[in-house]
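In what comes next, chain A is part of two complexes: it sits with chain B in the first one and with chain C in the second one.
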Partner chain A sequence: MTRLLGAPDVATPLPRAGHGLIDQIEKAGLLGRGGAAFPSATKWRAVAERSRGDAVVVVNGAEGEPQSHKDRLLMISRPHLVLDGAFLASRVLRARRVVLYVGERHDAARQAMLRALGQRTEPERATVTLAAAPARYVAGAETAAVHLITEGIATPTNVPPYPFERGVGGAPTLVQNVETLAHIANVARGIYDGTTLLTLAGGVARRGVVEVPIGTTVGGAVSASGGLRERPRAVLVGGYFGAWVEPEVAWRMPLDHRTRLGCGVIGIHPASRCPVCDVAAIMRFLAAESSAQCGPCFFGLQALAGACTRISEGGDHPTDMQRLQRWTVEVRGRGACRHPDGAVMFLSSALQVFAAEFANHGSHHNMSQIA
Partner chain B sequence: MSKPVMLAVDRIRCDGRGLCAELLPELIRLDDWGYPIVKPGPVPDRLLPLTERAVEDCPVLAIALRRGEAMR
Partner chain C sequence: MTNSLLWYATRGAGAVTEILLTCVVVLGILSTLRVQTARWPRFLTTGLHRNLALMTLVFLALHIVTAVVDPFTNLGWAAAFIPFASSYRTFWLGLGAISFELLLAIVATSLARGWLGHRAWRLIHWLTYAAWPVAIVHGVGTGTDTWSAWMLAITACCIAAVGVSLVWRLTTSSRDPLAAPRLDFRSAVDRREVR
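The block that comes next holds the complex of A and B.
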């Protein structure tokens, strides 16, 4: 099953596509692979209904998730397939413009996309521009992409209006992850076979990207990449906006739409590392990555990160534990974008799975002081 | 039948002045940083006049009433 990564990347003529492609996408049950798992057909239909030949297609290759590499790898190895999806979107949605939104540090990916673009002969080629996504966690959010392309500021904005209503320059806009576009190109050619890209991180024998059939278990995905390097203590499914899962539960867990697969990062946390210290570090990262627009996110995530850090540095803090429990509930749903929601979902799952480690962290701290 | 009235906070605009929670403690309380937490569900009819007052008096115009679907 290597429909995306195993096949050669060549510029082949685009299949004829009209509105029927949206029905095909729906029939394939394709969900966005950027993290939100939103049904792609619904998004396409919403833009198609509003487009008067003025729609914009944003090819989202921002990939701001620190552990994720699959979008970069896909842009490097299958740039033509990604462009196929983008051009098909442009035709079906009657777009006047295609924007390649690629992470500013993803040089190889950007170069590969531009090289492939130079080999294209379709009229859409002339409508393509490039925009650099700042290396920030929130820059990949749909409204942040639209905001950056329109006004040069990669911060999320309030919804509604959604990008499909008023996106780049006020035009109906499709913002679609590069992997999703690649799958759509295969749907249009009738060769989509339900795979997904995953990035395996942490205590696996071989870190990196694998392509597996949707529904593969975490255990199956880890085996596909050469197995474990260390005994796992927990698995983080879905990256920093995902959830911690006990290894024995995760191993049997099928990775499909019912799982919060997010951007497809599977992180194996080895038993040799302290989860409390690692969770605190990730919370500090997520707090620093708040775009500082909404109070509950900016102050809330800082406070959550601070409490986690106090526990990780000083041991047991009963009041901090109570605050963590309360704040994770209170902060949720109170930002313009989903950044605070993702961060507190990550933390609540950590507080459950690592309850014992959080409760008894003092001893670990003292041990590491001695060592 | 008219759609239920929902209280919506523009989270980007809101800068935690806290007036809303003083005017409408029945529906709004403040978190530890002074930002409003809105009680879930539609605004009860009996509180509509007070809610409209809170909407009008927000110094940064960050609250709105919406019929039907609520904003986040």
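The block that comes next holds the complex of A and C.
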């Protein structure tokens, strides 16, 4: 049941793997666990078609999502399994190089990966290099990872060319999240059982990472981590690029990639906190994390964050509410990367689920001022 | 009568093309300066730039077609497309053909910008700075009306307009409001030193 976190991490010989592994990955229906839920088999095929023994495998452990911890925990507890996935990819895709792209502040994860690497065979070790992902939200994006490894700057770049076409140093490149690679190692050994890692945050009894079968409901996942600490007002499914859901709906909602599980963060927003103030703070964070390469993203997110902040401070809000509705539509799909799209999806769902709180925030604000 | 009508059309379309092309160049320069006021939003500059450019091609086509089909000039189609192929005023018409082809390249690459990529498009767009003066010299050199007061006034205004906007462009630093925040973010995720 807990193939990733429940099993011991040992360096066992890799199973034989060729092109058939890609079919197995497809049959397992594996989707990327970094947040975008892109079908892994499609990605592998795109790199395999183009590789002439020069492909690059980037093991993406940047984990820039503020609430997420599952990638770090996985690298700390199952580094060999992650490396297994990376070396299988390297063999199947005929790669020349494997790059471990680990968050620069995730020291324990990096050390665990290096320790495990030291126990691998010399030919395996010789292909691996380490790159530190800057601790910024967009640094985990595929093109940002490629840009950092190639040129040393972790800004996202325009697509096409996609990394599978022209990635690290111009070579076809597979950028794959660490959890996805770990699952693929289990697929190759025939022991993948369809679980996913979740990070539970907010008003739960025990915050942290759990491994549950895909399709588990939010209610089931929360019970698996010891239940609730406080009465919930809403659930944020999928982190800051995810969507807010009413708790009654979320509780029965199976977590899979149709429900936009994203990077696997489940945030329980307790009824005791003001959602408008929290949404405004997160919008300010996302606006500050724009790499300022595209006008609609930089100015659009700043304008949205500004309007949210004015509402949270009890300012002129009927106009700002109309602006929010209009601007969320105008910003979507207008960046080189998905940063603005994720941010407005987060905000649109907040405006729906917290409609009452947004409409009456002035009085809440005045009350808290008096108190 | 028909022949002189064609000749008038050639001269008229030539003058209109000169004015339109000048407007397009000036608007192009203004758009790089990000000029805007409360009544003149930025998209108006770029929208006008694009639409007037297409209109320029229409008048340019009229200018060329009426000149070629005019039996009195007996130019032939080759003269319109191959520089210096015309026996009549070889040099001045050659300049016209060059300018025409540069403009075609500029418009075609602009229409295919999404496919071409920004960098290549921009590089080719710089050809405007060759196409415009060549067109002006062509007009002054071979124009029937060059030394008439009204045509002199038009040409002088065109040169002054491009001259003033060019000086403005060259003496103003980039007004890209994204430049500073972009640089800030870039340096925050720049790890070239570390490697």
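The rule is simple: the second predicted complex is superposed on the first by the 368 of 371 C-alpha atoms of A that agree within 3 Å, B and C clash if a C-alpha of one lies under 4 Å from a C-alpha of the other, contacts with A are read in each partner's own complex, and residues count from 1 in each chain.
Keep this in mind: a residue touches a chain if its C-beta (ideal position, glycine included) is under 8 Å from a C-beta of that chain, and two chains touch if they have at least 3 such contacts.
Just so it is clear, the model here is predicted, and its values are computed rather than measured.
On the superposed chain A, the two partners chain B and chain C do not both fit; they clash. Applying the stated contact rule after C-alpha superposition, one finds that A:132 touches chain C and leaves chain B untouched.
Contacts of A:38 after superposition: neither chain B nor chain C is touched. Applying the stated contact rule after C-alpha superposition, one finds that A:251 touches neither chain B nor chain C. In the superposed pair of complexes, A:334 makes contact with chain B only, with no contact to chain C.
In the superposition on chain A, A:295 contacts both chain B and chain C. Of the two partner chains placed by superposition, only chain C is touched by A:154; chain B is not.
The intersection of chain A residues touching chain B with those touching chain C, taken from the two complexes, comprises 293, 295, 299.
Against chain C, in their complex, chain A makes its touches with residues 132, 134, 136, 139, 144, 148, 151-155, 290-293, 295, 298-299.
Residues of chain C touching chain A in their complex: 177-178, 181-182, 184-186, 188-192, 194-195.
Of all residues in chain B, those touching chain A in their complex are 9-12, 14-16, 31-35, 37, 71-72.
Residues 157-160, 293-297, 299-300, 303, 327, 330-331, 333-336 of chain A are the ones touching chain B in the complex.
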